[in-house]
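Below are structures written as structure tokens.
What follows is a pair of complexes built around chain A, which joins chain B in one and chain C in the other.
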Partner chain A sequence: MFRQVLFTQWKWARTELFLYVIAGFLVPTIIIRVGFSFVDSYSTSSVLSVGQYAGVFFGGLAMLAAVGLAWRPYIIDAALKHVGPLSLPVPWAMFVRLRFVAGAVLMLIPTIAVWIGSIAATAAAPIPPTLHAYPTGLAIRFYLSALTAYAAAFLLQYVAGRNATRVAVAILLVVALMETGSALLGFHSPMVGAWNVLTTWPGPFSTFSGIWMLIDV
Partner chain B sequence: MSDAIIVRNLAYRAGREFAIRDLAMTVPSGSVYGFLGPNGSGKTTTLRLLLGMLPIGDGSINLLGHDVPSGVHKALAKIGYVPERLHLYPTLTVEETMRYYASFYPDWDDDRAETLRRQFALRAEQSVDLLSKGESGKLMMLLALAHNPELLVLDEPTDGLDPVVRRDVLAALLEYVSSRGATVLISSHLVHEQERICDHVGVMDGGRLIAEMPMTTFRGGIKRLRVAKPPIDNSTTPFTLLSRGVTAGREEEWVVRGWQPAMREYFSAGESELREVIDLDLEESFVELLRSARQPAGIGAEEN
Partner chain C sequence: MFERGAQTRVALPCALLLTLTLLAPRSGVSQTAAEMRARVVNARRIAKIARDSTDTLRHVHGRDIPPDSMSAGALILRFDKEEVPPRLLKLLDGAVHQAWASADSQFGEASAAAVNGTSIWVDRTSHRFLWDRFVENVQLELSGPGGGGRSTGTAMPITQQKLADEILDLVGTSATRAVPTNIVTWTGYWTPARTASDETWKQVALDLATSNSSATRACYAGAIQSCESALGLTELKDSLTEWYSPDGWRVLVESYAAPKDLLAMEIRRDCVEKRIAATCERLARTRPILLPLNMTSRATVLGLAIERGGRQAFARLIRSKGTPIQILAATAGISADSLVGEWRLRSLAQLPSSTRPSAGEATAMLAWTIIFGFAATRRRP
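And then the complex of A and B:
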């Protein structure tokens, strides 16, 4: 049962997964290669900043993959009014769990691409002896971040249904407005406070707001 | 004979406009039950309620001995369902779709599925995206039949199909029913099609089940009577008067249900004269039944 659900989601997502794999594999190499061509490879701070730039990309890729994998199956089922899943002899909660786990498994594909890409990118880079490459740590962080975003997007989609996009945009808009308001006018917004709790350590989304270091001390 | 589906006092509301009210329905085991009704009468909603896809407002449903919604998943394992709007996943091939469904049904029969695929001339490697409407309909019927269901719930299964495909689908259905003794609940507004295959019939209109009876009763029991010098009071008729309307002079046409030849006595006992008893075909019976449900007998006569 799970294998068939996984296979179905794989067939739906394989084109975008292919793009994530290409991106996860190539982009770290490009950033490191191009970055190192502009900096003094013996300058620790310059090399660190190159690694940092590569990290920003990984956060974006994790978010993109997470939202895509979380929303696509729901959208396909919703277009057919969920009649297929609801008529199967399994409880809805079990079907949703199968969907969730299948997406989480598929998320391993871009993660592996990021891991291999990071190893390849840093293997040939002239990293100073005081610094080290952390491709495995970065790949683990990528997966955990993607999983967190995936769980949030999945939850939002299955709770808000067809309004999920609107709800997500509305939340982001409100947070942005509050953030701007509190910065310009100096008032304290509970919404901004809640956002900060979620996005700073130990909040679940703090992995996205922190610095992703492919190369570190 | 036990009953495959028992519905009592079922109620459901969808928005302000539409509601299922006080619906009672019994589908005997082994029967082919035609669920008739005009578009928007509540047939699809009722079927979805039966299968636990919508929350029940009030009342009870028993499906193959299991209460809905608590035991619906046990019942669904023994039910083949063809929805009104076909549910097939894009990008999968016919074979992949069959494998997908097979994984959910413990009684899935690979040999039977393969036989049906060949019978319906579906190519295993054909993408579902590229199937014609007729082929999609055949694939849905295959998926409904391949796990040897005890009950088939078919929501407009032949709607929009060309006559050749429709015949193939109905032939497969009848072959299955005759060999397995399965129960079929088939919703349609194609009255003639129902007439050929059903032995029981229920008629929905406006969210209510306005009639439920064996097909023979439905087919033979509704008549149009030409009555001369009709009685003004029709409260003591031995049949159910569905409608009455003036045709010419003092002659009226009555549409009645539950007619028996011996009931001629009713007219000869008074001043009235029964001039003709006209058989109605199923479609005419269906239309008259709907008309009478929307406009009780007597009102038509006053208007005429």
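And then the complex of A and C:
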């Protein structure tokens, strides 16, 4: 059963997975190559800033891959009014669990691309001796971050159902309104506190606010 | 309600917006207009409090304040008891005893000499701002027997730890008066009055790992003589060539503000772009040479020497004569190489963790993933 669900999700997601793999594999090399051609590689601060750019890219890719993998299966099922899943001889909760685990397994594909891409990008880079490349650490952070973001997007999609998009837009609108209101009235934005709770350990998105440096001390 | 294509059209921009929102720089890095406005308002309040505190301190100095309103060991606080509420009195009592315990363990038998007959004046101010917001500030001022001193403030929330830290900060200034002049100059007019925290060691580790000096890089790799040179403990004939390699000269020149004069720009280009070492050297010599390791790093060496030397270390420090490296070795009671080697190992041990998430971080992430995944199964379409 799991194999069948995994295969189906692979079939639906393979095009976007291919794009994530290409991005995860090539973009770090491009960032490192282009970055190093513009900065003095003897300067630690310059090298660190190049490593930071690569890290920011990985953070964005993790989020994008997570949201893409979480939403697509539901959207396709919903288009067919969930006839397929509901006609299966397994309870809905079990089916959702299988969908969830299948997505988490597929997330390993861009993670491996990120890992290999980072190794390739930093292998020939002239890094000062006091700095080091962290391709494995970054790949682990990528997977954990993508997994949490995937779980959050999956929860939003499967709980809000067809209203998931509206809920997401409503959240963004509330954030934007509160930010604008606090800016106009000169108050401390309450979003800063909420943001800190979400992105500071043990908040769900704390890995995103951690160290995303491909090259670091 | 939504067709599949329409949903995708809405979902993709939403995903992109969410991504950008989550990847936006943290509040510590950048600030929104609202945060900036709040900070400006806050800064104005702090400025008012500081102004009022200074005025009150002047007023307090003019009054008859008992010479020992509160004391712990040789540490004396002076304040007007009528002006200090019982809650703050309790905090001050705890803080002065905590600070003395720390100073006593740092300076040992010479603790009294470190305090040097000085007393600390305490003043408290409080204000009520718009919407009844209460702001309290405690100003501490070091006052030596020969006059002069410095002051420091503690803003809300006032805690025993914060007050003890500020008192110790002033004790460090007081202790500096007893230290040999060449050590005072070498550490940047500062004597640590407590053992360096892990955070301080982390700053030193970052200083060591990110310096562009060739001496520091050799130190990082394990050359103790280079550590001593980078710390400014050895006699230097030419700091530029001894601290920096030709590549380092170029990085130094890059760090200078770009000139506006056309000829100067051309010369700078010769160094930065054409990488002509002689030009870089000439340009680098036009400015003071950047220290390979900063004063915090130096202060941790002195702190470590005092820590390693035991309870008699500070007494030896104030009695010692010679070059800074000789005084540090005498203070620590071990050879300078051993002291600097230990300093290097201790700072490198505090290098910040790499990109790899910690076990706690990974556990939290997996827990959130399971919670979200489980919650998603609760609703049937």
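To be clear about the criterion, the second predicted complex is superposed on the first by the 203 of 217 C-alpha atoms of A that agree within 3 Å, B and C clash if a C-alpha of one lies under 4 Å from a C-alpha of the other, contacts with A are read in each partner's own complex, and residues count from 1 in each chain.
The rule is simple: a contact is a pair of C-beta atoms (placed from the backbone, for glycine too) under 8 Å apart; a residue touches a chain by one contact, two chains touch by 3 or more.
Just so we're clear, the structure is a prediction, and the values are computed from it rather than from any experiment.
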Task: Have a look at chain B and chain C on chain A after the superposition and call it: clash or fit.
output: fit
Field: Residue contacts with chain A in the superposition, chain B compared against chain C
entry: C
Message: Per the contact definition in the header, classify A:Arg3: touching chain B only (first), chain C only (second), both, or neither.
response: first
Message: Per the contact definition in the header, classify A:Arg162: touching chain B only (first), chain C only (second), both, or neither.
response: second
Task: Determine, under the contact definition given at the top, whether A:Leu88 touches first (chain B), second (chain C), both, or neither.
output: first
- prompt: Of the partners chain B and chain C, which touch A:Phe18 in the superposed model: first, second, both, neither?
  reply: neither
Message: On the A-aligned overlay, A:Trp195 touches which partner chain: chain B = first, chain C = second, or both, or neither?
response: second
- request: Give one of first, second, both or neither to describe whether A:Ile76 is in contact with chain B, with chain C, with both, or with none.
  value: both
Statement: Once aligned on A, the angle formed at the Cα centre of chain A by those of chain B and chain C, in degrees rounded to the nearest 10, is 150
Query: Between chain B (first) and chain C (second), which does A:Leu138 come into contact with in this model arrangement: first, second, both, or neither?
result: second
Query: Which of the two partners, first being chain B and second being chain C, lies in contact with A:Leu48: first, second, both, or neither?
result: second
Chain B versus chain C - smallest C-alpha distance in the overlay, whole Å: 9
Task: Kindly list the residues of chain A that each of chain B and chain C touches, one partner per complex.
output: 76, 82, 86
Task: Using the touch definition up top, name the residues of chain B that touch chain A in the complex.
output: 51-53, 73-74, 76-77, 81, 83, 85, 87-92, 96, 99-100, 103-105
Task: Show which residues of chain A lie in contact with chain C when the two form their complex.
output: 40, 42-45, 48, 55-56, 59-60, 63-64, 67-68, 71, 75-76, 78-79, 82, 86, 92-93, 96-97, 100, 104, 128-132, 134, 136-138, 140-141, 144-145, 147-155, 157-159, 161-162, 164-165, 168-169, 172, 175, 179, 182-183, 186-189, 192, 195-196, 199, 201-214, 216-217
- prompt: In the complex formed with chain A, which residues of chain C make contact?
  reply: 1-4, 7-8, 10-11, 14-19, 21-23, 26-27, 32-35, 37-38, 41, 205-206, 208-212, 216-217, 220-221, 247-248, 250-251, 254, 272, 351-357, 360-362, 364-373, 375-381
Message: Please output the residues of chain A touching chain B within their complex, sorted ascending.
response: 1, 3-5, 7-8, 11-12, 76, 80-84, 86-91
